[in-house]
Amino acid sequence: MDALPVAFEEVGFAWPAAPAPLLRGFGLRCPAGTLTALVGPSGCGKSTLLRLAAGLLLPQEGRVAPGASARGGLAMVFQQPNLLAWRTVADNVGLPLELRGVPVAARRDAVAEALGRVELEDVAQALPAALSGGMRMRVALARAWVQAPRLLVMDEPFAALDALTRGRMYDRFQALWEQGRPTGLLVTHDVDEAVLLADRVVVLGGRPLGVVAEVAVDLPRPRSASLRHEPALGALVRQVEAHL
Amino acid sequence: MDALPVAFEEVGFAWPAAPAPLLRGFGLRCPAGTLTALVGPSGCGKSTLLRLAAGLLLPQEGRVAPGASARGGLAMVFQQPNLLAWRTVADNVGLPLELRGVPVAARRDAVAEALGRVELEDVAQALPAALSGGMRMRVALARAWVQAPRLLVMDEPFAALDALTRGRMYDRFQALWEQGRPTGLLVTHDVDEAVLLADRVVVLGGRPLGVVAEVAVDLPRPRSASLRHEPALGALVRQVEAHL
Amino acid sequence: APSSDPAPPTPAAPPASAATRVRLALNWFPEPEFGGFYEGVLGGVYEQAGFQVEIIPGGPGAPTLELLEAGKAEAAITAADDLLVKREKGARAVAVWAAFQLTRVGVLARADSGLQRIGDLGGRPELKVAIEVGSPFQRWLWQRHGWEGKVQAVPTTGSVAAFLADPSLVQQAYVTSEPCVARARGVEPVFLRASDEGWNPYGTVLAVADPPPAWVPAFVQATARAWQAYVEAPARANAELVRRNDQLDPALVECITQAQAPFLTGTDGLGAMTAERWQQSVDALVTVGLLKPDASAEGAWIVPQASPAAP
Amino acid sequence: MIPDVSRHPRLPAALTALALLLVWALVAVRTSPLLLPGPLAVLRAAWSARQALAEATLHTGLAAGAGLVLATGLGLVGAVAFHLSRTLELALYPYALLLQTLPIVAVAPLLVVWLDYGTPVAVASAALVSFFPVLTAGHLGLRAATVEQVELFSLYGASTAQELLLLRLPAGLPTLFAGLRAAGGLAVIGAVVGEFVGSNGVPRSLGYQVLYAARTAEPALSFAAIGCAAALSLGLFVVVRLGERRLIGRWHAAGGAA
Amino acid sequence: MIPDVSRHPRLPAALTALALLLVWALVAVRTSPLLLPGPLAVLRAAWSARQALAEATLHTGLAAGAGLVLATGLGLVGAVAFHLSRTLELALYPYALLLQTLPIVAVAPLLVVWLDYGTPVAVASAALVSFFPVLTAGHLGLRAATVEQVELFSLYGASTAQELLLLRLPAGLPTLFAGLRAAGGLAVIGAVVGEFVGSNGVPRSLGYQVLYAARTAEPALSFAAIGCAAALSLGLFVVVRLGERRLIGRWHAAGGAA
């Protein structure tokens, strides 16, 4: 299926009881099949943007695409693992497929593969309460990756992981990405990570929220984690950091 | 009050229903007043170690100091913000003081100061549900910093923060640290952060969990966030990363 | 107004071609006070008269007239006062036969209390009267004797236990119930009749829909015969009652049967209803304000005539 | 032209009331007035007995309220005691259930002997009936706090009382209020049934009114009295909801936060 | 030498039973046996009426169980309906409360006429009494899922049925079971009281046994019958707990995970 473009047009949004609106006339476009990294200070509104893009929140002014129309073709990693406490790890990962009516056998294979990607085959039958914080987050990653979405939205998916595990997850994510080429939105606090993974880094800031800068990343793909120490990447990182 | 040393001696620990014990004959000592950073792969047992040190879990074999004896002189930042949904931000931060019976007026000042440190004065009267992920984590930081503990235990406290905010938090934390000089245990996935803040970086790994390497950090204090790009720090970081 | 002698034990009417189904709703547990109806079924009297009778036992609060009204029963047992009050409220039921000539209602006291009749309670302020407060009977007593504020009424609990435990208690009772229980529990009681105080509505009235269906005269005749048979030989029906309820021991049944005998026949004879008695009941109910002052017994009861040829 | 429900939150309930009245009137017309008096008849009966009913409603309402307060207090104390001592919980919880099982109608005679006629019996029976739901809800509510929240408190050296008051109680309030909602209605019916037996012949209680109306074949009055009891339940329910909204509305509606 | 409670979880309850029996015996000795028969008298009465009691317990148990099942089904349907339609909730919730307020003793005659004597009245009255706690608990339980979990489901295009079955219902089970615990005991008492009026004079129900024992002044038998009712409640409670442990024990005890 084709990737879905993301577009914010003249978007206005305020949380109830908030003193000032979070967004006013906000605009941003992400062409189909590109991966955009969003960086910006804590509390500036990144998660809110993702919720708007996924249609979990409705803008009070303007238009957001795809919004709710993407339902079923969308995958999201929330900032918190957001697992269902009564389901095993495998059943948590299989949830999106179950909701789409994928038959059990096919589901089992897909789940096993997704768990393999995040290195959690061993705890497939454990309940979320018996996992460490980083393991829970990886379950959430597997749940988002278990299907081939048209739009993939991830809110700091790798923040809870150590450097090495994170590096392997980068590779797995990029392989997956190349397979389906969905549109991607990635919120991260790690500028290295943003530059390494994204086609473009958007620096956000201010209230109402605005785009402070956009930095295109034209490094060749696939990009291994070791690229991190390359000067080309370092230059881009410094370019982004200059706007933060 | 004096800082409390931390010591694990021949510690054995297994989670119920786990196939293999997490710790067996584990040993580690952290002298009073030093700050030890713990790094290691996701799910290796870092959070479990912190819970043991704080006396929230009891070892099945061996001894852990200070353990439960530190009650009242201990502060901890959990891996999740762990806020009370029915209390305002200010009341969440004031909780440790309230539990100790600190009078309202003194509490109010301390809370205001702690909130100032994490830059959340504006949302003092908001409920946790109205905060972003990073803001919640900063409330948890403020709650741990509002008192002068003898032992400060922090589980990835800065992971949810963007680089700039994080840098400012580093400074605030170090200032605070210098004031009281408690013993500190810091779990982090960011090796730069570990080296920047700690007196010693302990690399953990394996099952049962063991100390893979210890790297002493003898950089002068205070260490500003800009130190991050210094070669001396870079060398130490690479030294740690070599063991990961 | 019609008046009637006790229905004579005339020879059985020719059985109807197909048996008429009659569901008879009782207003209390199956006990000797309904012995005649059970005898009618067991002895085949109803069957011979062309009726297939099904007895629906009741209990406290059994809504018998309501079952009649709802078409879930063809015949219902109720009390005359109840029938009169409900008729004024629109119930379409009419009394056609009365089992007890004297009301079974009264007051139970200890034999050593020195009480002779209910009215004596007026001079005994130390005694409490457990009674259905607000019931027509209670209001009648208090009004007739001017006991308001003088005699202490307390609610009944539906059991004689409190009476047995507390010597300062007298209790509203049915002659077919509490006296025998009290005696069996070792307290010798005396039963003070309500009829002596002018409260004497027929207590166990057979009611049918108003206007009565054509089968009623034959049914009444059969009922009268069944009851006559029961009074003469209660053993068979009583045995059935004991069989149905193992808490009802034979001694208790025997006691009740003896206690109720004089109340069944009274002075007018088994089954009779007289205009004077009905009017007396109406007047009593008017006095306590349960019926409108212009109320009359007219139409509330009839003596069914099978045909012009019937007695 | 469908009116907006969110603007007129009372409209649906009012419309339902109308619809119910209509159905009632229709059913009543086809049923004997002895069984089911029509709404008009009930209204008439209520109006002509308005003073007695008002007095009785007040009287029964006080008894039910007192019973509910008693049950809430005792239920909370019980829940806390069970929480603090597993031994106590194992020893007593099964028997607490029994309290609720006692048919008041059967126990009321005993209560009458022990407590004397009148209000005490009504209060006791209201409390007896509503105790268990509060206990159960309280018991469950006290376990609603997450493991990490409990760890937080033990970490900061909170006393048992502090843990209860500052953590377990607030975290358990939503569950507790669910129990209280059910308990309110139960308290009213408990009081009414207690008054059946213990009303002491003074016509100042709804139990007496219901019973008296049944004795004198006044179903309309009986229904009017039951209506008053229902209104009382609604009243208690509203009180519970107001308390709920005041105490937990702000954060519970927000869906909580880790 | 205090035995370890965690090793003998049944011990405290057994000891309490002994203690209660002792207190009961002591109080009974000082009270008239007509009001409060001693434990031995009750046991003797129970033994001599064992067959009737066993039959009655079975009979009433089935009625209470059927009533509880009915109430649970209807309560869940109601909770789901209210969850799906705020208008419906506003329109009907207040009136659901009224169902619980109706004094069964006063309503039973109506039930008798509508439903016929015997088991139907007992089932209906058991269901009537236990409906509201289930409804309330279900209603609250369906809102127990966190905002983010609901977002997750809507994100993945879950149908309303899927959201209900896979999210709201499991997340609400702990709350629902709290309601069911209270409802179980209520169902038994509802059945017994329904049998008071609707027993049809057939001695095959506990309601009849309680009442008839009062009628013949056999308090020991009355208490024995009440004891059987209590045992029934306990039985239903245990069934509910087993269901609870089976369905939610594993994850709910674990304290959940975000």
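For reference, chains read A, B, C, D and E in written order, and residue numbers begin at 1 within each chain.
The definition used in the following text is that a contact is a pair of C-beta atoms (placed from the backbone, for glycine too) under 8 Å apart; a residue touches a chain by one contact, two chains touch by 3 or more.
Everything numeric in this text was worked out from a predicted model, so none of it was measured.
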- Query: By label order, what chains touch subunit B and subunit D together?
  - Reply: none
- Item | Two chains sharing the most contacts, counting C-beta pairs only | D-E
- Whole-Å gap between the CA centroids of subunit B and subunit C: 86
- Item | Chain centre separation (subunit D, subunit E; CA means) in Å | 16
- Using mean CA coordinates as chain centres, what's the subunit C-subunit D distance in Å? 40
- Note on the structure: When centres are defined as mean Cα positions, the distance from subunit B to subunit E in whole Å is 49
- Item | Overlap residues in subunit D, where contacts from two or more other chains coincide | 35, 109, 113, 146, 148, 196, 211, 214, 255-256, 258
- Task: Could you check subunit B for residues that touch two or more other chains and list them?
- Result: 80, 130-131
- Note on the structure: Listed in rising order, subunit C residues that touch 2 or more other chains are 61, 63, 66, 70, 157, 159, 161-162, 165
- Query: Name the touching chain pairs, would you?
  - Reply: A-B, A-E, B-D, C-D, C-E, D-E
- Message: Touching residues of subunit D toward subunit C in the complex: what are they?
- Response: 31-35, 108-109, 112-113, 117, 196-201, 203, 208, 211-212, 214-219
- Message: Show me the residue ranges of subunit D that touch subunit E in the complex, using the header's touch definition.
- Response: 5-6, 9-13, 15-17, 20, 35-36, 86-88, 90-92, 94-95, 97-98, 100-103, 105-107, 109-110, 113, 132-133, 136-137, 140, 146-148, 174-175, 178-179, 181-182, 185-186, 188-189, 192-193, 196, 207, 210-211, 214, 222, 226, 229-230, 232-234, 237, 255-256, 258
- Query: Which of the residues in subunit D come into contact with subunit B in the complex?
  - Reply: 146, 148-149, 151-158, 162, 166-167, 170-171, 173, 248, 250-252, 254-258
- Note on the structure: Counting only contacts in the complex, subunit B reaches subunit A at residues 15, 17-18, 39-43, 45-47, 79-80, 130-135, 138, 155-156, 159-166, 189-191, 241, 244
- Message: Quick check on the complex: what are the subunit B residues that touch subunit D?
- Response: 51, 54-56, 71-72, 74-76, 78, 80-86, 95-96, 98-100, 127-131, 136
